[in-house]
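Given below, in the form of structure tokens, are the structures.
In what comes next, chain A is part of two complexes: it sits with chain B in the first one and with chain C in the second one.
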Partner chain A sequence: MTAATRVPAASRPRLVGRRPGLALLRLLRLELRHNAMPWVLPIAIGLFWLTTYRKGVAMPPLWNLRAAGLQLGAQLDFAVPVTGAAAWMGSREARRRVTDQVTVTVQPRWARLLAPWAATTIWAMLAYLGCTAVLYGVTAHQASWGGPLWWPAAVAAASLPAFSALGFVLGTFLPGRFTAPLAAIAAFFVLTLSTELIHGSQSYWNVSPIVTGPWDLGPQAGVATFYPFLPDLPIAQVMFLVGLTVALLGTLALPAGSGGRALRMVAAGLTGAGLLAAGTAVGLAGTGTMDAHGMIAIPALHDAASDQPLQFTPTCSHTAIPVCLNPAYAGYLSVTATALAPLLSQVAGLPGAPTRIVQDAMIYQQDAGDEVSIRPRSPGDILSSPVSHLVLPDQTQGQTMTAGQLASTVITTYGLQLVARVTGDGPGASQAQHAVAAALLRAAGGDEVIVTQPTSGPCRGPASAPSTRRSGPGRECASQSVGAARGTPAAAAAERFDALSAPVRHAWLVRHLAALRAGLVTLAELP
Partner chain B sequence: MTGARLVRLYAVGRRVPFAVLAMAACAAGLRIALLGHWDAYGALQLPLVFEAAAAVSVVATVASPFGEPERVAGGWLPYLRLAVTVALTAAAIGLLAAASTGANLSGGSLDVLRNVAGITGIGLLCAAALGGGLSWTGPTGYLVAGVYALYTQWHPPALTTPWLWPARPPHDLGGAICAGLVFACGAAFVTVRGARDRPGDPAAG
Partner chain C sequence: MNVEITSLTRRFGSVTAVAGVDLLTGPGVFGLLGPNGAGKTSLLRMMATAMPPSSGSLRLLGRDPGSYGARREIRRRLGYLPQNPGYYPGFTVTEYVEYFALLKEVPSARVRAAVATAIDRVELGDRRKSRLRTLSGGMVRRVGIAQAIVNEPELLLLDEPTAGLDPEQRVAFRALLRDLGQRATVVVSTHLVEDVAAACAEVALMDRGRIVFQGTPGALAARSGGQDPGDTPIERGYSAVLAQARS
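Let's look at the complex of A and B:
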């Protein structure tokens, strides 16, 4: 053995037979059969089911949400097992004390080491692709519009060879029984720690492959549904991961005895090129900022065509005033239309009432610190406009709502907005306006409807939809009263007006709404 | 004298000194982490990472470099396995608890005790089932599940099963029982049978 170490045959490789490619394939097949990764795959698949699949299918069937969840979750699920298994495989020769024996084989050491790395990566990739196929298959079955977003899936796929290479290199150069577990935990630690260092939307740490968008914003249903998905950040992340993988694999051939001089030169070149690519990707990621549509735009990688709104035919309800949503949100139409139907039948045809309610996109803005403000693209309804803009609660909330929560929130946000638009209720309005607004709200949604609506954004009128911040429901603008507070004379008048039948209320509004809006109606004059 | 020599040889053969070193590094890492100002994610999840790292350091000592010959010849082996495993687990808990003294560790020392013991138990069970070499697969996988369970505490629906004890409050009896049960089962398996180290297994690489 000592003699073999002194004169490494691997430095002068001699290929057996005439087909070296076939020999490498045989080597790969052997490594696939004797790899530790299949033993670890059940854990990765189990974690995927627990943390990614279950969470993903609980989200609304929107491609952007499911794809972002896949990119984040799949990497955390696979990083630990893949890094550990690769480290375990990398330390095999030293662990089994066969380094000297395999040194005399015909293949260069580099080729010999790349085979178990490739086998580990192939097993991991097969499992990942299977998991992705299931999640995307279910999403394709549930989603009403759009198609799979492949860039997030590509980032997660590109991370597998990188984690595998990281573990393999650690296992090769630091063999030992502690290497695999500590490498696996270190990979997880680095992944989770990387996001802790992100402040604001512009950060070099955005290159971390688990970052799917502005980190302070979190997953947003309103992103990439009205505007195209921006691949800028995923491109930089894939570039970083590929560069890292190449650099790590190149280091395997750097030690003396890994191959001939030419081979080591090539490996050094690959390592340098990989580091350069990874460094460039980090630099590019550092120039990215959140755009108005809630995604990271990197100037050097940005395609201006991506700033154009997506073209779609909205899906509309058959209510007294049609409610039209982006087809991606078609699943919300029934709940939204049902929640608003009583109110819409009350106000349809009245002066100031819209003839169509259209879902609006959101505008995102990075504020000071780690906060992000979100507001509707349309600042507010214009009374003369026949179109009113609706924002679904899921577009502004980080959390997914149940159907009941959604219906209630639609009434307490858009319902208030619509009533205020029609009656002119708001700060400085008359008591009669307060009473009529309260009565309409009760007729639409029940007694629990709130009567004070905090608004944000321009605050120019009652039509402003609420804005939210990721850190909580804090809203910027002063509160605005709509309706009548309990126990006041206006509330009593509202109860009286609410007791009327719907046709009678509607008929009275048709006749007196102009006077009501002008503040010429007193509480006593309300029926 | 012979007994002490036996313990020393066993400890060296199982890389116990390196395990203690690794646990000390985990404790130092936890201390450094506790100096920082973290958001809820970091404050709750980072300690679990160090606890899991300490636990896998304990579990990594279970693998036998000798296999069957030692099993046949070593009459004191079960006692050595139990003693070293329990002692290392206690050392890991002690080191991490000491590192968090005077700092604001989420969950406190009770959390450390429960999490380290439970995760070590998972590793011991994996050692009995898969072999000492792959004993880390369970604890590291459980780390991801535990971190996710913590995440669901403020991103519902929450995972509240006591089997995911890192997400339970430190005084929660269910979580403590589950973690204790897993540790007891793992220690019992490893004491009686040792790690399943058979050179022919594909998992043995």
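Let's look at the complex of A and C:
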């Protein structure tokens, strides 16, 4: 052995022309060009159009509904394909048998692996942002009030790097041609099953990124319309997803040979910090409860200012009694006012009739088990109050009605409430009150209105807006009825009273309403 | 000396692939001969820092690859073509070589020129925009050589580089080897002894994990006893040394 060989050869100049940032950008450009994600993007975009966009635009143009639909739908549409694509890219070196060639290069394994992960995530993110822009753009065009809710969109956006990292790590550590499809299937089940263990509004599983609010409540049109959108849960979800992403990416540099001691220590630190952040987010989500406005409030993240009602100028109709809706519901005004106009013209100016009808917010309360009670914010119409409170059916039912269905439901709910308020009809009322109430409802709604005897039961409330009880998304019971049952003397009197012309009916009511409300008018005395 | 190996051993479970190899070599083309399973690939993978030794001493370019910093510096000046090199079929020739240039931290300003030079040296200039999936096996092997030399390595390790090359390409490749050997240490593992005879200044013959001969190709040819199998003197010498080692 030659002694001279013990002197290391001089290192090559390290700084001349060597710009690591530029090199990484060029590496990223190559990875973007040869990434698997663009091949599955048509599937993701197609799924988005089919399952998220079409459903979204079929919903009323309310930002809260569209944003919740985006958060839930876009994640399933994009997270599953990105997991598969990332797993495919993560397993690429092993599948293509280039491990030895790339292992003996200068770039640390971590930097080398982060490039294809970043490229996969960028493609998914670009497509997701494009789809979000389209949905939000259409919503902005259709919505009459409010602005985009960015937190739900941010949760969905944060889920893409997380699921991309999950798939990439699986592909890197378990390389194989079946890893990608299995990872995608696993991601789908992880997402969809993550809500199965949620009971009530307080659950650690609320951290699941597809949870958009109290899971038992389902999508609620009235949420975040009268009160600000609460970002508490989305903040915890984003924190969880970012922590998960960091932890997963950190694990890529943990195996021996991934880099120098310092790099691996940094990776271990990042993995620990990521797990800590994710764990903290889970803990925070577990402390969240449903607030009175139907959103999840997390005490540690809650801003008390969010509990103040939103300020807005209502949109009002020009009916005999103005109907004023939250401007977000301006699209409902025409149908609502048209449906109520005949009734309003009948009762306007009568003693006890309101001078203004204002849309009311709903109050939510978690009951025992999975049940949620929903009631109007205002406890009930007070006879002396000039303002009457109206709750639109879509505020609680979370679904779209046709104009005919909406008109019919407004009459059978609010119309009934208004008639009961004016005539004093309800439990214990006289037969004449039943008859007049039935006649007014018939005159207002025609044959569409079903008039029955007042019912009793757990869902019956005072003569006001309906109260609703939900037990899991979509299930409900609601009832409130006033009037006269068919075939009874009261029904016959109602038909007789209904046959009168509107001015005659109104004139009679002006003269006799006080006596009618006092129960002093008999059926025979009705004209 | 760019390669200093002392008592280098590599075991895979109960199998000893490389058993106490000693080797010294400086600039020039060094041939590593041996039958299948002799341990050539394992020795080359250790020299490429792709695999750590089980025991023994290994110094490359004057550094011990056991530490990460030294290993990075060695890798910066290393080129390696594995026995069965994989590739990314969707990449073009240029992109694939550029990919490795970037991984080898070739200075950004020099990447384009270095890639073009490497591709030209393996005579694939007219196919630089072709995707790798459209190339023949021999062309892909040349792309592998291009990625190995794109950083102008001082230590170039080639495992069966002429497999799949046609005779014309092999002749050209030998010329390239001789050219590279003027500035760098080129270790070529092969079982094609005629390649060694044509291009290498020194050869080692491995069998059962050990080096059983080290010297010039001429010295290897001279070991022939005349009765040994082979068409050329060096092949007969190869057979004679192996027979002697196994006897």
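The definition used in the following text is that the second predicted complex is superposed on the first by the 486 of 527 C-alpha atoms of A that agree within 3 Å, B and C clash if a C-alpha of one lies under 4 Å from a C-alpha of the other, contacts with A are read in each partner's own complex, and residues count from 1 in each chain.
As a convention for this text, a contact is a pair of C-beta atoms (placed from the backbone, for glycine too) under 8 Å apart; a residue touches a chain by one contact, two chains touch by 3 or more.
None of these values were measured; they are calculated from a predicted model.
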Which of chain B and chain C A:92 touches, first, second, both or neither: both
First (chain B), second (chain C), both or neither touched by A:40: first
First, second, both or neither for A:182, with chain B first and chain C second: first
Partner chain in contact with A:259 - chain B first, chain C second, else both or neither: second
Residues of chain A at both interfaces, chain B in one complex, chain C in the other: 33-34, 92, 96
Complex contacts: residues of chain A adjacent to chain B: 33-36, 38-40, 43-44, 46-47, 50-51, 58, 76-77, 80-81, 84, 88-89, 92, 95-96, 176-178, 180-182, 184-185, 188-189, 192-193, 195-196, 399
Chain B to chain A touching residues, read off their complex: 15, 18-19, 22, 38-39, 41-42, 45-46, 49, 52-53, 56-57, 59-61, 63, 130, 132-141, 143-145, 147-148, 155-157, 202-203, 205
Sites on chain C touched by chain A in the complex: 1-2, 4, 6, 24, 26, 45, 48-50, 59, 61-63, 68-69, 72-73, 75-78, 80-82, 84-91, 95, 98-100, 102-105, 107-111, 144, 147, 154
Residues on chain A engaged by chain C in the complex (per definition of touch): 1-2, 5-9, 11-12, 16-20, 22-23, 26-27, 30, 33-34, 92, 96-107, 112, 259-261
